[in-house]
């Protein structure tokens, strides 16, 4: 299964920045293209006070800092240049994580969606929306938020597609800023199916694809969970993507590039389950030949050998 | 605001060593010079049993290991060569951190100051002293230690300047060897002003400049805290420097180079507050083109673009 | 004291993979050779479901994944090519760590030893066995396991040598996936001698060399512990090796290359104690000029200067 999309991890949450300028990003889009990536997804347009484009609204309402560069503009120009599709990731105010109240996220993004479409909707490469809230089964209010925002995204943009990328509440679902690597109370595949069926039902029509993060369960659990995900996606009329994490969740350093063998296991599981598309989090830190993590360049080589063997 | 000084993080406390030899250090001083750094500060001349120069006294009294290289000599020679000022950082026995008793630090350094000035005081680049104890508001005995040692430094060296670099007890003031990134009981700006006014008062005359570390408070808190720091420095007749941390405190990996946007926010806040000088912790790991952390080279480039824009 | 052996850390437990292919490994064996390494030791042939060679048995009995490459074959071929000795590390099912029962480890490896000798015993470079369980003083059942497996290894292979590499239960003996760096209840040198004398006695005849990991005690404790280790090895007729860890246990990032000065202290202590051989964990991440950790290349240079000075 080939990876055809990648997140762009600006603004980052837990991955240190590489401090790239336009030149490095331009080159990186070229590297992506070389292994068949045709879709880039801005992971979020802002997180708390850091934002990717100079939104007058977010600066005023949320005290966001004026960004030194308009990353949205830059990414769209580069996507145009390299013939790629760009998905815009919504804003995350952080208020939900602090207060448990999803309303601020909805309110902020209702404005952001309009603002962004007005300013950037004319770019040829603007081809979809990423509802950026990363949720799992117990995220209160997520269904309403996804439904409201997904519908608005589609309404302003003549129906451009939307997708979400939640996590499976498996044994590796621990906080990045914790020392441990696993937890005891992992979800069973039965609970997963029951709870997510309700969520799928609730967001039907507003969300076109679901790309579960693939890193929170053990490798031998992949086939069972992936089969259920595909079954649910089919039932509720959505595309089933995999978000193949290219970083390693099994190591005390959080996080460096994944061992190729693990990535292969995950991609093979997605292929076996008949998934529609594979995207990754994310190319530029963990798979790029110019990544600051040199393991990434070797992963790029191993992955290239792998896809050459698929033909 | 331009960075004109950097710490030299040997002996390191929590940043892995790069294992550079003289050739790499020589080249690095050249890189520093290229972006306007004229001051290098040895972060400490020793920490527990590891020391930077072959001190007979420290080897005998504290069981320190014979260092493989005389780093003090090397740094002074390179500072002479590159036309830079060198500040010598005092010895940290670690006893204070173990026992809460500052007397050992005072006793050890009273000897070290004499020894070092005798051995290295003739170098042209030996231009100041760094009182290396990193303290915050609740460090018992710090006022007396700084006062005693600062006065001695100045007395032996014909009044060469001294400075300290404490931390603000903000929400990010957590141990490096802990998993978390923030704590709940952060200091308020009012408490900060009250407590530090007392400390400033106590070290007056013995300390010429104070360079608060800028990484323990949130970015939007910078203006308020920086204004208070400048007000206190002015009141007590000290220079107000900023210690602009070039590593990122917001990430689970402790620590990699900072996102340029964050460094810029901090430097801009120091400029707005009318600070006298900016130094960084530290160039060689986090901003150098030859750093083992390749993000550092990109930060160097972004920073160069920034200071070019200041002109 | 020169390092003449290194582990090959595949399958890794807590060090992120570099994703090297055959070309990189071939080059790395060359780098090893250049500094006098003549012995490579596969750290383990498998850990839980990840394995290094396509063992039909392990895939069937333990649900192991089919490995993308036969690493055992590749390492043996490269060891043949470069004129090095290869030690094979046994399989670790992980069951002991989960259940405290050593029997599964014994049962699995009794089969693995036969299988591996049958498939790979004809390689010229196959010169020994590494009993890969990393134990310390309180590892229940370890004596019987080492004794049983060591004897079997020797029996099938016409007496090829075996070794173990336990850790000293010192103050730095903490879990990799914990935030802290030290613990309070470290072993005393007297307890160490008493407890390990019993273990040595129990494995006598089945284990030819013991290579204690050198990183769990403080640097000034090295001489005392090393003297005891050598005394015990002599008493029970074993070779005394040191496993010189080339990564730094004193830093919050777990783990990057060690400061050269620390490695030197450890090697000097082994030399003073009259140790027979030094191996390292491990060259390819922490000392190689092509490591993803660029500090490793500088450590390689510092180490080269050091051994040049020994002549």
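Each chain gets a letter, A, B and C, in the order it is written, and its residues are counted from 1.
Note that a contact is a pair of C-beta atoms (placed from the backbone, for glycine too) under 8 Å apart; a residue touches a chain by one contact, two chains touch by 3 or more.
All values reported here derive from a predicted model rather than from experimental measurement.
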item	value
Chains touching both chain A and chain B	C
Same or different contact residues where chain C meets its copy chain A, judged by the half mark	different
Chain A and chain C, separation of their C-alpha mean positions in angstrom	39
Multi-chain contact residues (two or more partners), chain A	179, 253, 294
Residues of chain A that touch chain B when the two form their complex	12, 14-21, 24, 49-50, 63, 65, 67-68, 176-179, 253-255, 291-292, 294
Contacting residues of chain B [partner chain A, same complex]	179-181, 219-220, 248, 251-253, 256-261, 264-265, 293-295, 298-299, 301-302, 305
